[in-house]
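Chain IDs A, B, C and D follow the sequence of writing; residue 1 opens each chain.
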Amino acid sequence: MTATIQAPAPTTTPARGVETLTMAQALNRALRDSMAQDESVLVFGEDVGPLGGVFRITDGLTAEFGDQRCFDTPLAEAGIMGFAVGLAMNGMRPVVEMQFDAFAYPAFEQVVSHVAKLRNRTRGALSAPIVIRIPYAGGIGGVEHHCDSSEAYYAHTPGLHVVSPSTPADAYALLRAAIASPDPVVFLEPKKLYWAKGQVELDAPAGEIGTARVVREGTDATLIAYGPSVPTALEAAEVAATEGRSLQVVDVRSIVPFDDETVCAAVRSTGRAVVIAEASGFTSVASEIAARVTERCFHHLAAPVRRVTGFDIPFPPPKLEHFQLPSVDRILDTVDELNWEDA
Amino acid sequence: MTATIQAPAPTTTPARGVETLTMAQALNRALRDSMAQDESVLVFGEDVGPLGGVFRITDGLTAEFGDQRCFDTPLAEAGIMGFAVGLAMNGMRPVVEMQFDAFAYPAFEQVVSHVAKLRNRTRGALSAPIVIRIPYAGGIGGVEHHCDSSEAYYAHTPGLHVVSPSTPADAYALLRAAIASPDPVVFLEPKKLYWAKGQVELDAPAGEIGTARVVREGTDATLIAYGPSVPTALEAAEVAATEGRSLQVVDVRSIVPFDDETVCAAVRSTGRAVVIAEASGFTSVASEIAARVTERCFHHLAAPVRRVTGFDIPFPPPKLEHFQLPSVDRILDTVDELNWEDA
Amino acid sequence: MHRGIDSLLPSEEPVQHLGADGRLTPLGESAKPDDEALLEGYAALVAARRLNDQAYALVRQGRLAVYPSSHGQEACQVAASLVLGRQDWLFPTYRDSAAVVARGVDPVEVLVLLKGDWHAGYDPREHQVAPQATPLATQLLHAVGVAHAATLRGEDTVVMALCGDGATSEGDFHEALNFAAVFKSPVVFFVQNNEYAISVPLARQSVAPSLAHKGIGYGIPGERVDGNDLAALLSVLGDAVTRARDGEGPQLVEAHTYRMQAHTNADDATRYRNDADVQAWVHRDPLTRVETYLRGRGLLDDAKAADLAEAAEVVAARVRDGLNTDVEPDHRKLFDHVYARRTPQLEEQAALVADELSRETATEDAR
Amino acid sequence: MHRGIDSLLPSEEPVQHLGADGRLTPLGESAKPDDEALLEGYAALVAARRLNDQAYALVRQGRLAVYPSSHGQEACQVAASLVLGRQDWLFPTYRDSAAVVARGVDPVEVLVLLKGDWHAGYDPREHQVAPQATPLATQLLHAVGVAHAATLRGEDTVVMALCGDGATSEGDFHEALNFAAVFKSPVVFFVQNNEYAISVPLARQSVAPSLAHKGIGYGIPGERVDGNDLAALLSVLGDAVTRARDGEGPQLVEAHTYRMQAHTNADDATRYRNDADVQAWVHRDPLTRVETYLRGRGLLDDAKAADLAEAAEVVAARVRDGLNTDVEPDHRKLFDHVYARRTPQLEEQAALVADELSRETATEDAR
């Protein structure tokens, strides 16, 4: 069985075909379409109302749906999260925005002790279908506390889904699926990709949570990435191709649930793998991927699964962040170390 | 170089030889000895004063050192942690108690954004030599929110040391080293081992942070464990021995910094390894250990490094917790799967 | 836009209608307590006390791991529930089992948490009672969310949100009161100030004139009431509920009461308070004063009292039976409610346990 | 034990000594502002305004990524620092660069954070100024800890802890005020209520009579003051510092002021407020009124004003130079201060970067 959660078929929204959108626009469209379709969807947080969010993801929602559906709250993240839990207990589908990754930490107790556990504690009598949107990770020259990659904290917490899109199309489809999900979803939006453009199929069949995708075919080794690292992985594969090495790229998309089938099939097909993620490497999602891929593909591996991750340091200041971010060169250096002499 | 942090030689405390103590008593002794030695050591939190803590780890400290050195605070964990940061900024060495693992979550922002980062942000001008003591993990039949294994959250956060003792002797030595450390230490006290007895060398050379220890020699496979899982691992090795299989056991002790040298040497000596930890397995410290041991020992491995961990579920209620805890049987089952046919 | 400052500040002394001697105070005289309501309340008090005693006994017998008793606080417990209507919600803590039972939840289901079979033992939707909260003050925010959802749908639901004196120090208390005030949510924040947070006395928790004085900082009216006086509680909480239902927004009510027993049976209260302090509260017992009053008014006699005791005993017996019944631990439910559907990983993990169990059974059968 | 309730509540209107017209109010008349202090303060105001303008210009020139300006709030900035002694501590936020500079910290070092070379650009110990805090309200707790350490050692340090109106909604604000009250810590909590938290107006942040009314809920005296009136600020904050130093514990001061510019240059304030609202505050400018007053008293003339402007210009020039100097990014410092000593893992990681760089250099040299 695969853990896919279908968004309800978009019955009220007419077909609109394919448009070229930035990821920010795609997310905004997903919110609008979900709000139009389901009255119980509420969008709230800090500055998401008239301002439209500091990244403008909620632009126009208050104007379109009124300030009962999209509104600003007092400045308190635990408050926002606990309030969302109560709204969800009473029939609403809250979509909350944490303004930046590190500013979700005040809500940590609410997320871990309540959002993640409500269904389980009550054997399904109550649930918390909350989407926690977090502008996430670095690459935009942000000052301290504005560039954390916090996925490990959520991925380690049973009861949460954790996803991160790398394209506008996935951003749209995954956010719609997240809002439709009966369970809480931590939705990590790579800040540096907000302005990246791509084609978005707005009347596509509903997106899914729980599936990875091979985004570039290749035969020599597999790069496994998600969110902000996918474009970097693709770029590395492009460069490697010019050097005669064929790298496959898998976009994980859904960290929880993890798509072992797709990822492991990919790794088995090449026998070598590098996991790429921006977060500090120690006890990270990259560690998990390396560990589980190894457990499942050991006898197909010509080399240990390697990780290219952020270092185990606080996120650096703007002028130094390029040292921290996985780079094409660092990825290719690591690929070079995958025991090719045995090949 | 090895990352060992020495506690200052105990000059003011006379030699007292070896005593048999429970882990709770050993921790209490470590607090007392550190407080006696260094006036700047302050112990505070919820119910740590006259009551002596709900587990009695701080028993008698207020009576002995006065209520300026060991005291109760208002009931607010972010408050306790932020207050500790300020005290540390101004020359004190706070040792705070979070009453139970899940009740440290309200302090998460203070821990991640301040405790862990203060030295780095200020290039060493300020630092946060705080010890965060957390009664930790399950096995005592506690109700919800009282049995979380939260080490992954801290281990993933650069700037924190994370340790967990498995014996009274290590509890004493590690806590003394933690208090003497110039950096913050998350000190995880396995609740179920509080009443376990052992010999404690009170005038031993100061304990160290950053070293693992082989606690049982063995030749067929290596069990890697820490904190509450070490006794289980030892028991499994005992049983295995009666079945003719020689299992080596490594007590990690210090999760951050991790002692790659000792752990990898052990794994290379046997060629097979199982990591054991109570926390849910996904994106856990066990994942990290499996990933890094594999990276470093790949060509010595006869089988993939396997993990025996808690499931990816909220910690179960008392009557069901035995399903969640790594058991001797589950460990031995996993050992059985380490490709012995190839041996 | 806010009310005048005076209307946000509590009265100088806790509101009292029935004195410790069971006589009406001057305020009580003018308030004219409703006989019916007091009699109903008294029955609930008797049941609540019996529940506390029974649960305590079950701990000693090892049938419950632990029990945080509300002995001495039963008037607060009973009033918190009795002032609510069917459409309302109650948000209790670990100490509020008696309030949950007073709202109609089966006490055996309530005690499941402490028995250890599961976390929440009752279906929160049935009586609109949230699961009992352990992480302090977190539930206050949920209460505001539930209330706001009702407001958005135009329902006249009121939410009664309980917490202790210690919990008022948590950040979530602050954020909940502020959210409720800003969204004008129909929530009654009801603080049972029992003078202790485990071992920590109120004086180390707050140096405010009273906890009810916290209301004005949010623009919320604060009131304080004698927490051992059922008549005053019914009146003050009842008014708060009415005002909230009428769209006047949240209210903060602090009840002055006392935790007569240790925090739980696992606690040793002799380490931090004198028996004399506890004794001083015995004559303020919330049951005695209502009983005295009702007997004085001829609304209660020995026969009626015996009936009530018997009714309470029936429930106690059912609790004993329920708690003495062992439930077979079923590992499957560990994996069934983490998500609406098991993930592939949870399927694998559940299968592992099932496999272990079937092998165990096979081994046992083979013996 | 607490003070009378009235002494904990703020005055009905914000304290004002100098009206917007630069004349003394009746209260100001009786308070008799100190000429010296006002003149010193005015010099600091001129410097603060110049710093704000310069930093804003540097953003447009791309030398600073972002700048949260305190334009319009300079009286608060200056007063917060000037009332402190050498032994005191200042806890500023991201918006309080001008306060930090008024305390003596090198403005070029202050702007390092926003230039992006490092996080905290100055050594906090040198002038006892904490690093500027970004995670809202978190620093208030640190302030209490620093104050309590001083109390334990018998030092007469006072801590000035700054935050904005929005930050008062955070749980940490609540916990900090309560800790300070319970431990009677010498902290002045100084809230600059500039009516906005980014786009969110005060009315959506709080419906309390005023933010200063939050004090009583902790047993802390709350006061409010015209935040564009340097004379009143020096008086109210100065008294608060004195009382704290005298062992009377923490104080809460709310200044009513206005954020004249957008939240930062990255913000677009036209989305949520009218220019007319902003214009209404122009005539309340904190500089003009002090200038008018000082000129009226003959303490300031054109020559003196020119001197002050020139002094401010010298600093501005130094800021420009400092910000125009590029610092070579040094990867080693990324690994040097995570812990007192690098862990083995950090040694490995630093070596990896060093190796990458040396190979890059080799490649470049080879070209």
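Annotations for the structure displayed:
In this text, a residue touches a chain if its C-beta (ideal position, glycine included) is under 8 Å from a C-beta of that chain, and two chains touch if they have at least 3 such contacts.
Remember, it's a predicted structure, so these values are computed and weren't measured experimentally.
The chain with its CA mean position farthest from that of chain A is C. When the interfaces A-D and B-D are ranked by C-beta pairs in contact, the top one is B-D.
Averaging Cα coordinates per chain places chain A and chain D 36 Å apart.
The distance from the centre of chain A to the centre of chain B, with each centre set as the mean of the Cα atoms, comes to 31 Å. Per-chain CA centroids place chain C at a distance of 44 Å from chain D. With centres taken as mean Cα positions, chain D sits 40 Å from chain B. Multi-chain contact residues of chain A, defined as those touching 2 or more other chains: 73-74, 76, 78-79, 102, 105-106, 109, 113, 117, 120-121, 144-145, 158-159, 256, 258, 282, 311-314. Residue positions 118-119, 135, 169-172, 174-175, 178, 182, 204-206, 333, 338, 343, 345 of chain C each touch two or more of the other chains. Chain A makes touch with chain D in their complex at residues 46-47, 49-52, 54, 72-79, 102-103, 105-106, 141, 143-146, 282, 311-314, 316-320, 323-324, 329-330, 333. Interface residues of chain D, counted against chain A in their complex, comprise 65-66, 113-119, 134-136, 166-167, 169-172, 197-200, 204-206, 266-268, 271-272, 327, 329, 331, 333-335, 338, 343, 345-346, 349, 353, 356. Taken together, the chain B residues at the contact with chain A in this complex read 78, 102, 105-106, 108-109, 112-113, 116-117, 120-121, 144-145, 152-153, 155-156, 158-159, 256, 258, 279-280, 282-288, 290-292, 294-295, 298, 301, 303-307, 311-314.
Against chain B, in their complex, chain D makes its touches with residues 118-120, 123-125, 130-131, 135, 138, 140-150, 152-153, 171-172, 174-176, 178-179, 182, 333, 336-345, 347. On the side of chain D, the complex with chain C involves touching residues 1-2, 5, 8-9, 169-175, 178, 181-182, 204-209, 213-219.
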